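Next come two complexes built around chain A: one with chain B, the other with chain C.
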Partner chain A sequence: MYDFLKSLDRRWIFLLMLLAVAIPILGGWRFPERPSPLVETVFDTIEDLPAGSRVWMAYDYDPASQGELHPMGMAFARHCALKRHKMYFMTLWPQGTVMVQSCLDMLKTEFPDLVYGEDYVNLGFRPGSEGPIKIIVTDLRKSVSSDINGVSLDEIPMTRDLKNVQGVDLIINVSSGTPGTKEWVLYASTPFHITTVAGCTGVQTPYLYPYVPDQLLGMLGAIKGGAEYEFLLLDAYPQLRDNPDAKEALRRMGPQLFGHLLLIALIVMGNVIYFMQRQRGEV
Partner chain B sequence: MKRTVPLMIAATTGFVLIVSYFIPYTESWGEDAMTWFNILAAIAFILGGGNLLRMQLQKISDRRPGWGYAAVTLAAFVITLFFGLFKIGVQPTAAFPTNAWAAPYDREGSALWWCVEYLYRPLASTMFALLAFYIASAAFRAFRAKNTEATILLVTAFIVLLGRTYIAGIVREWLPEGLQSLSFDNMTNYIMSVFNLAGMRAITIGIALGVASTSLKVLLGVDRSYLGAGDE
Partner chain C sequence: MQRETLFWLGLMLVGGVLLGGRAILVGNGRQYVERVTTTADVAATEGAAAQAVELTDYVNIPARERDAPGVRVSFARTVGIWVAAFCTLGIMSFLLGETPPYKLVESVFVGVSAAYWMVVGFWSEIVQNLLSHLVPGLMRATLLPGLSEKTVPNYWYVVPLVLSVMMLWRLAPKGAWIARWPLAFFIGATAGIRLVSYLEADFVQQISSTILPLVVFGADGSFDVWASIKNTLIVSGVLLGLVYFFFSVPHKGVVGGLAKGGVWLLMITFGASFGYTVMGRIALLADRLEFLFDDWLWLIDPTLQRAGM
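Let's look at the complex of A and B:
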């Protein structure tokens, strides 16, 4: 056994990881969540805004990180739609348009009474990393003159009177890197005192903690944050409970649990072998 | 001349941006500089595309090892560009029912949309998902409690890994009232908001000071490494 584990073929580990992830997915196992204070703050911020508030939806992520971020992106859009907030979608990532479009498709399907241009608008992708943020916080039209379909902002009811991002009540940023939450905090929310909340990958979360709560009111960290947010959303809006798409992050917590347990087991096993090797003088 | 002009442009733009932050009268100068930057960033996509073409073609023509991958990259690049630029398969919108060219290039059903939906999205997600397998393998082979620091790291990792799962809730319910702070989720929150926060603040301040000093060097022309190697 010792010899087998000492030279364990990594394909066994891959197989174990496959089973740890696949079984909970196929079994549809879901677990209850206890929202952390940071997630509760994000939820309350959106919930407490008066209906019809202007919310800037900065979705700076691409399909590579959709597994971790898209459920929270959808949950934010769903929450804003339920609260009848006005949503302004924009992305600083070239492939982010796909993720935004996916949210818009969801809004069309689940909220057919919402009207494009009156309740939500897609301002598309803007190149230049954090450059567009610096411009649109003072003059929106200098960087964005039309929506993704080429319709002038002056012809769209919900953008007609919006001069810059300072005119919105809240910025929601979902980000998986640069440009992302840090750039929105540095160039929009901090200098112009715009309330900002965010959702980010697990890797980014530690880097963003220093900005909470003064510059960044709250934050959802990784799929766990998304699941806690969905839990709060389902609790506040029972009509979503029959919608399987509204439980996507919760569904992903099953594989996460078993994946983490497997990782811990592997680390423990690796260390046991290491100490045995040390005792035998093999290392 | 080849280096002096770019140096002057960089220095002027940099100082304009700094000044515009502190003097309200010059705020619009900074906005103009950023508009130029955004236009240049958009043009950089064309330069990037040209560079990609040149590099991959060179690799194929020299028959360097892995030139087959270069051919695949090149084919994917050209096909995607063609689909997008010529709006292949784009259906007209309700606003312009007779003119498909007026519809967005990535409209559902178009060739580019198909590529993104059925090629790019699954491929990108797969690459990200593969991390789980490699991390598991690396954790088994490399994460060893070799010394005190590594042991602390290991214990912290266990707490955070468990604190992010349902197990944390089970342990919390099992713990007596007075020991609730020792539950995995509470300890995770404590680790993240105290130890991690302190460390990250120190790192962030350090990076900020480093960036400020490097930026000054660039603006004053002391650091010219961004211009690349070449003749004066």
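Let's look at the complex of A and C:
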């Protein structure tokens, strides 16, 4: 056994991880969530805004991060729709338009009473990395002259009198890299004191914690943050409990648990073997 | 033929036969759609009267409603699901080495990404950001019919046009040095913009956020133990981290001890970062497996797309 584990083929580890993630998915195993204070802050921020508030939905991620970020992107959109907030969708990632469109499709299906142009608008992709943020916080029309369909902002009811991003009540950023949350903190939240909350990938989360709570009011870290947010949403809005699409992140926590247990076991095993090798003078 | 190659070939053949059989018998991996027609009112413009335009779209329909009138299989979207499944498996096959499916999918991905960026760059940067400001009338009549009537030519945009042409000059056989001028401009402008923002958000504001009371009292005047511990940890963590990166004094004695504390804190941070990264990667794997099991193979139905079938 010792000899087998000492020179374990890494393909066994891949197979074990595949099983650890696949079996809970096939079995549909789910576990209860306990929301953390950071996630509760994000939820309360959106919940406490008066109905009809303007919310800037900065969705800076693409299909490569869909598994991790899209559930929270959808949950944010659902929450804003339930609260009847005005949603301004924009992305700084070229392939982010697909993600935004997916949210808009959800709004059309689940909230047919919401009207495009009056309750939500898609401003599409803005090129230039963080450049557009710097511009739109002072003059929206300098960077965005029309929505994704080419309709002038002056002809869209909810953008007609919006001069810049300082005119919104909240920025929600879902980010998977650069440009993303850090850039919104650098160019919008810090200099203009615009209330900002974010949801980001696990890789980014530790590096964004220093901005909480002064520059970022709250943050959802990776799929776990998304699951906790969904839990709060389902708790506050029971009408969503029959909607399986509103439980996407919660569904993904089963594979997370088993994947993490396997990884912990592998780390412990690797260390035990290392110390055994050292004891035997093999290293 | 090598034993391992034979094994994988056999496995793929068996898998292919099982998949084909299942697709014929169960019909998995099919996408059903319904044609939806809407009418949009187009406002009158100069020289054109107002008119109603009919727009057609195909919306995805859950498989459980496949027998409803007007619902049919979308060939293009069904092929899309199968291609996506093949691409996912092709990329995952990298775990076994640089396999032919991996190389094929990787090449397709690189090519498609390059084309996508080029198209997006043309429409959003050249058309929307540049030409709409330089020749708004022409753009309104051709590529951007929704461009506001209020948009008038802004000849300041000649400057970025000239800089862009200078940038492209590096592709010319002679005078590649001309590209250095716009490059210098972009680097200088970006550095200037970033310097101010980083100073404000990452330096001044971060210092401000670290100036915290080490002894915290609640609103009722009672001693708040946890808030005090939290603040003490934040302040001491920042100071220990700074000591570790302070190399003007040898890391010996008290300074060495503090620097060691800084190293420990850094290690804890890296550990937390690794943990979060693992979570992210497992989430991505779970997403792809869910796609394969749900959309492609119809083995699970978490969103009740096929309930009652």
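By our rule, the second predicted complex is superposed on the first by the 283 of 283 C-alpha atoms of A that agree within 3 Å, B and C clash if a C-alpha of one lies under 4 Å from a C-alpha of the other, contacts with A are read in each partner's own complex, and residues count from 1 in each chain.
Definition applied: contacts are C-beta pairs under 8 Å (C-beta built on N, C-alpha and C of every residue); 3 or more make two chains touch, one makes a residue touch a chain.
Nothing here was measured: the structure is a model prediction, and the numbers come from that model.
Overlaying the two complexes via chain A brings chain B and chain C into a clash. Of the two partner chains placed by superposition, only chain B is touched by A:Arg34; chain C is not. In the superposition on chain A, A:Phe125 contacts chain C only, with no contact to chain B.
Legend: residue contacts after superposition of the two complexes on their common chain; A:Val272 is shown touching neither chain B nor chain C.
Of the two partner chains, chain C is the only one touched by A:Val185; chain B is not. Of the two partner chains placed around the shared chain by superposition, chain B is the only one that A:Asp62 touches, whereas chain C remains out of contact. When the two complexes are overlaid on their common chain A, residue A:Pro244 makes contact with chain C while staying clear of chain B.
When the two structures are aligned on the shared chain, A:Pro210 is found in touch with chain B and with chain C. Of the two partner chains placed by superposition, only chain C is touched by A:Asp154; chain B is not. Looking at the shared chain after the overlay, A:Leu261 reaches chain B, while chain C stays out of its contact range. Overlap of the chain B and chain C interfaces on chain A: residues 14, 17-18, 21, 64-68, 95, 126-128, 134, 143, 149-150, 205-207, 210, 222, 224, 256, 259-260, 263. Residues of chain A that touch chain B in their complex: 8, 10, 13-14, 16-18, 21, 31-34, 36-37, 62-68, 95, 97-98, 101, 126-129, 131-132, 134-135, 138-139, 142-143, 148-150, 205-207, 209-210, 222, 224, 253, 256-257, 259-264, 266-267, 269-271, 274.
The touching residues of chain B, when paired with chain A in their complex, are 27, 30-31, 34-35, 37-38, 41-42, 44-45, 93, 95, 102, 104, 106, 116-117, 120-121, 124-125, 127-129, 132-133, 135-137, 139-146, 154, 157-158, 161-162, 164-167, 169, 172, 185, 189, 192-193, 196-197, 200-201, 204.
The residues of chain C lying in touch with chain A in their complex are 43, 95-96, 116-117, 120-121, 124-125, 128-129, 132, 144-148, 150-151, 193-194, 197-198, 200-202, 205-206, 208-209, 269, 272-273, 275-280, 282-290, 293, 299-300, 302-304. The touching residues of chain A, when paired with chain C in their complex, are 11, 14, 17-18, 21-22, 25-26, 28, 64-68, 94-95, 124-128, 134, 143, 145-146, 149-155, 185-187, 189-191, 201-203, 205-207, 210-211, 214-215, 221-224, 244-245, 251-252, 255-256, 259-260, 263.
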